[in-house]
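As written, the chains take the letters A, B, C and D, and residue 1 is the first residue of each chain.
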Amino acid sequence: MVNPGLIYLLGAVFLYFTKGKLRQFLAVAISVVGLLWVYNLPVGEGMKVAFLDLDLILVSVTDMSRLTGIVFAFFGLCAVLYALLFAERKFYVLSHIYIGSSITLVFVGDLFSFYFFWELMTISSYFLIFDRTKPITEQTSYYYFIMHLVGGVSLLWGILLNYSVTGSIALTTIEHGLPFFIVAVGIKLAFIGVHTWLPKNYSNVPFYTSVVLSAFTTKAGVYALYRLLGAVSLGYAGTISAIVGVIFALKQTEARRLLSYHIISQIGYMIAGIGVGTTLGVAGGMFHLFNHILYKGLLFMVIGVVIYATGKGDLIDLGGLSKKLPFTTFCGVVASLAIAGAPFFNGYVSKLVIKSGLEDPVLQWGLYIAGIGTALSFMKFMYFGFFREREVEVERKPTMIMKLGMGLVAGVIILIGLVPGVLESIANLETGVDYFSLAYLWESSQPILIAAVIFKLAHDIIEPHEHDEVDRDIYPFVGYGVNYVGGVLSKVQNGDVSRYILWLLTTLAVVWVSFLA
Amino acid sequence: MDTPVLLVVLPLLTAFSLGIIKTFSKKLVKAVTVISATVHLALIISVVREAMQSPIVYHLGDWDNLLGISLVIDSFSAMMALLVGVLSYGVIIYSLVYVDFHELKYYVLSFLLIAGVMGMSLTGDLFNLYVFFEIVSITSYALVAIKEEEASFEGAFKYLVMGMLSGTFVLLAIILTYQVTGALNFAQVAANFGDAPMLVRQTIFVFFLIGFGTKFCLVPLHAWLPDVYCGAPASFNALSSGIVIKASLYAFIRIVFLLFGMTAGIGQILIYWGVITFLVAHTLAYQQESLKRLLGYSSIAQIGYILLAIGLGTESGIIAGSYHIFNDGLMKATLFLGVGIFSYAVGASKIDDLRGLGFSMPKISFAFVIATLAIIGLPPFNGFISKWLILQAAWETEYIVAAFFIPVGSLLSLAYYLKVIKALYSRPEREIEVKPIDWKLRVPTYVLSAACLVMGIIPGLSLALIENIPKFLLDSSNYINLLLGR
Amino acid sequence: MRKFASLIIVVLLSGLLLMTFLSLSTADYDLSEHYINHGAEETKALNLVTAILFDYRAFDTLGEATVVFAVASTIAFLVPKRTASMISARFSIIMQQTTSLLIPFLFMIGAYIIAYGHISPGGGFAGGVILAVITILITVTFGIRYSDRQVRPEIKSFMESFGAMGFVLLGFIGIVLGGNFLANANSTLDLGVKGELISSGIIPHINLMTGLKVAAGLSIMFNSLIKEE
Amino acid sequence: MEQTFLAIAVLFGLGLYIILTHQNLIKIAMGIGVMESAIILLFIILSYRPGGTAPILDADAQAYDLIVDPIPQALSLTAIVIGAGTTALMLALIIKIYNRYNTLYIDEIKKLKG
């Protein structure tokens, strides 16, 4: 049994050395093979490797990891198709390393390799974000890498703590060193408070890159939450994240920032589901992960097409695209309905499962409110982006291959919405939820209807308008602190040799005396 | 066989003969250089292979009952020898194109330097160690000054003053050791050292610590290093950071384990001093604009990690530390050679000068970035493995605070190395004209950076060499018996 | 302030150093006992210091010679290539004549000290320094141009390389004779009779090489340092 | 013995003091020279045995009862040569620095810092 992610990693090497059509073909081929491979992966363990004095398990497949792996591989294929015509060598290589390492991450069976691929994801996504055509990414990617390495270091630290207590590096629910794992996972899945890296970065990269990015990093965090932190009750944290994320999102006018905050919000749903720890909750959380990748990816693809076609990505400047980009608009509607949890779309399915898993009414109400916000902000997104009357010039039409990528995703979204059993069969799990009972349908339609009412009433407030965007963020101050200390130290070292000699002799005297004492 | 001594004598002979060869034909000089370096590498590999089976002792002048000087090649020496061989070979090939100033003298001094480092790593005699230590120092001062720029002279002078002081303390420690033990051979010194009065032993330790510490840059004694690196040719920086500093560190480690043993007291000093060293060095490195200074501080920081690991005094600590010595040699050499190429091709010396080079010199930059990621300690590169081992070792020994700071140090180093990576791949302010780069510059850089990757994925390659080191360090009687021929 | 701090540190360090010296113990000096009692027999060299330097610890001496070599080559490139005028004033004819008269004697003393290094006080280093004094004297009295004309720098550097290489090659004799590097007393060489000029195997030869090297090295150093731009 | 040790300590301290307080490069070189002499003196005093003769024998027989320790003497020779070499190098560098910086004062030679 070979870990399917390794195919991507190996493929990346070949992509580096090929050119033109061959490379495009190869990229798609790798993704297709990867997807088939993941799909056919039997449950079990394999590929054990002795490394240093550790026993690594490079493949360990469970139903849930297979579920995650399938959506990773599927979306990877769609994203590669979508980007096929614009991408340069750097994108091909790095995105394959990125996708490959996240798929490998999902299937490894020990903490060491987990950490290994966790960091590989960070490295590859850093280079993916860093784009010289966008000078702003110099700063944002720096921020991204530092944040994620803090997480990585924290994970490493937690792994060691756990290892020293239990003596094993098996990838199971963690009991020791929890705070470190929580920090690591929290940063990876952009929990509110440490989410700052996400909107900064996803809104500033080229559009096809944000499509790839939107799917993997945070979802790997969610998967880590599921695998490692089963013992922690995080239901409330998730709900808070969901609500706060949505509130932030509502304020945004820049389309991709809006979507980015929605990632945070939707992750809140998953945290809530996984965090309560009930079977249904966990299943719902993982289903939501699956669905979220699809519709959020589709939304990023849609806004990508808009940026590609018009060169604008801010809702203030957009409007009236529904006639010029009909297919894109259709996809946008599908994805928006899905994320809002409208019946017969996939978001509905997983939200329902999560909701059935929650017993605490506070959580249920919290998610209800978040649902209203979500619906509201996507009405804003679709209306002001596509349906309001305005002439926006369209320079280029999306290519067929972009449409193919979007169409695949949209198709799966609808398929799952209509036949939720697909998800259950992949996950090999009977949730026992009656998806299409009238009570559920009504309950899920409520937030959307409420949102529609609010949208109508508060149209002027919601309408995107210029306002100052302040990133409230305390983390740079840590950097300033270190920088200040360094500045002082470097002033002390003023290049005067006799001062250096004085240091030498003083050190000698101090060490000597302290030894004698 | 006589190969062990050839490791030292061959570069010496080459250095001596280059002057004569030059009078016959100038072209011959480079040929002789390459041939000699190749033969040297081959000899080193054969000796290291042999030493991995069983340690080698070579008595110079056949004085086998400790009357003369002996060379001892145990695992630790073998590792150092291998590092010296690989790096010096790469650097010599690199220099063929890179060096266009005082070529003849450059090679002469380089070979003397290599011989000196080799001698330091192999010798089994305290005073002989000092002699080679001084050869290394003097050739280093000279190589720093060889570019004859203002910065080179200033750097060389600072280096020389600090180096002379450190040499004085080492010499003082050695003569005191002779007085209290009546011997110079490591074996007898170690055997008799316990009888010495406490005060003298402490003094000797302090002198060795400060003397060698100045050379391998403990933090308040480090100040010369960045200044030195500014004006020196990049090829020397690679050697210096890779093997010269490491040779002093090696000598210190060997002496500490033989004479004092890694007691808890000494261990704690080394551990916490190591932590301070890397924290301060990392913070200072963040301030730098000059690439070489940045890398210089980074070298100091790596010494901190190694000291920490060695100070733990456990088997895993020593393995981790030795492995980091080896890895840091590879990584730092790659980085400095890369910087050398950047300055050769476009005259870059500051971080800002690197802007856009990632696209005009993609492969070199790629190799450079690999080494950067490795030295930050990210997987899948070798720096990650050795830092992981150090962390694990520190954890096992319950030096929690020290262990905590290791990843913090990694974070700090990320902060400044990222600046370099960022500059490499950002848009240049103006068009860059790149000089064509000869393969002699490129190949060593590629090979070393590939080694960084390979050592990270298959650490077993060099760990096999290293796993015996604790046997000779922790239990000094093994080493003593080796020298006594028992 | 700075002086005061330095003073405190210096006094502290000297005091500690003195304390250490006073508490020094003595050990069994087996090694030196062996050298004293058997050194002359084993190496056939009456000068025990020479025996130690050129046989027991000849490797150290090789290193030492290397240091001189390194320094000489460094100084040679550090200072400007072209010859320039001497710094000091010209000397009178009396001085010049005396110097010329002295030179043969100096040469003889130097040669003697080198050649008899293994049976009487002296050796390659001492003799080499005396030989170097010759060129230094010439430089001082007649000026650097004349000195460089008399003993050309190329010849000096050749001599230096030759001396250093000779040392190493002499070391290989041990290997050729089936022993180890620098083997002398323990090789199959005929060491001769103790106290004779031609005795002690390769020691006098190494002495000669060292003398050549040191003489050439020192005069290179001096002549280079005294040049000015 | 004690007086000699005191002299060595004082010499060593003097050398250090010169290095620490004087700004002139030549004086620093001199300070280092003084320190080195102190160490050579230490070599000699440690090899000394009261009443011993120099370690140079007669051709015929062991004519001497007590001979001073020859090892430190041999070592000191090496140390002297190394010290002399380093000092020479230092002086050469000082010449070069004087050429470039037009000063011999150490506090004016600090272009490299930070």
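Here is the rule we go by: a contact is a pair of C-beta atoms (placed from the backbone, for glycine too) under 8 Å apart; a residue touches a chain by one contact, two chains touch by 3 or more.
Computed from a prediction, not measured in an experiment: that's the story for all the values here.
Peer 1: In the chain contact graph, what is the shortest path length, in steps, from chain B to chain C?
Peer 2: Shortest path length, in steps: 1.
Peer 1: With centres defined from CA atoms, tell me which chain sits nearest the overall protein centre.
Peer 2: B
Peer 1: Most contacts: which chain pair?
Peer 2: By contact count, the leading interface is B-C.
Peer 1: What's the chain with its C-alpha centre farthest out from chain D?
Peer 2: Measuring from the centre of chain D, the most distant chain centre belongs to A.
Peer 1: Mind checking the centre-to-centre distance between chain C and chain D? Centres are C-alpha means, answer in whole Å.
Peer 2: 16
Peer 1: So what's the Cα centroid distance for chain A and chain D, whole Å?
Peer 2: Spacing between the chain centres: roughly 67 Å.
Peer 1: Mind checking the centre-to-centre distance between chain A and chain B? Centres are C-alpha means, answer in whole Å.
Peer 2: That pair's centroid distance is 43 Å.
Peer 1: Please compute the C-alpha centroid of chain A, do the same for chain C, then give the distance between them in whole Å.
Peer 2: It comes to 73 Å between the two C-alpha centres.
Peer 1: Which residue numbers or ranges of chain C touch two or more of the other chains?
Peer 2: In chain C, the residues touching two or more other chains are 2, 6, 9-10, 13, 16-17, 24, 29, 31-32, 35, 57, 60, 63-64, 67, 70-71, 74, 78.
Peer 1: List, in ascending order, every residue of chain D touching at least 2 other chains.
Peer 2: Residues 16, 19-20, 28, 42, 46, 71, 75, 78, 82, 85-86, 89, 93, 96, 109-114.
Peer 1: At least two other chains touched by the same residue of chain B: list those residues.
Peer 2: Chain B, residues with two or more chain partners: 127, 131, 134, 138, 141-142, 145, 148, 157-158, 161, 165, 179, 184, 199, 203, 227, 284, 287.
Peer 1: How are the chains arranged in terms of who touches whom: line, ring, star, complete or other?
Peer 2: Topology of the interface graph: complete, with all chain pairs in contact.
Peer 1: Going by the contact rule set out above, which residues of chain A touch chain D in the complex?
Peer 2: 490-491, 493-498, 501-502, 505
Peer 1: Given the complex with chain D, which residues does chain C contribute to the contact?
Peer 2: Listed in rising order, the residues are 2-3, 6-7, 9-11, 13-15, 17-18, 21-22, 24, 29, 31-32, 35-37, 39-40, 46-49, 51-53, 57, 60-61, 63-64, 67-68, 70-71, 74-75, 78-79, 119-121, 125, 194-195, 221, 224-225, 228-229.
Peer 1: For the complex, give me every residue of chain B touching chain A.
Peer 2: That would be residues 157-158, 161-162, 165-166, 169, 199, 202-203, 205-206, 209-210, 214, 218, 220-221, 223-224, 227, 269, 280, 283-284, 286-287, 356, 359, 373, 378-380, 384-385, 388-389, 391-392, 395-396, 403-404, 407-408, 410-412, 414-415, 418-419, 421-422, 425-427, 459, 463 of chain B.
Peer 1: Which residues of chain B touch chain D in their complex?
Peer 2: For chain B paired with chain D, touching residues are 127, 131, 134, 137-138, 141-142, 145, 148, 150-151, 153-158, 160-161, 163-165, 167-168, 171-172, 175, 178-179, 184, 226-227, 230-231, 284, 287-288, 293.
Peer 1: Help me check something: in the complex, which residues belonging to chain B touch chain C?
Peer 2: That would be residues 2, 5, 9, 12-13, 15-20, 23, 58-63, 66-69, 102, 105, 108-109, 112, 115-116, 119, 127-128, 131-132, 134-135, 138-139, 141-142, 145-146, 148, 176, 179-185, 188, 192, 195-197, 199-200, 203 of chain B.
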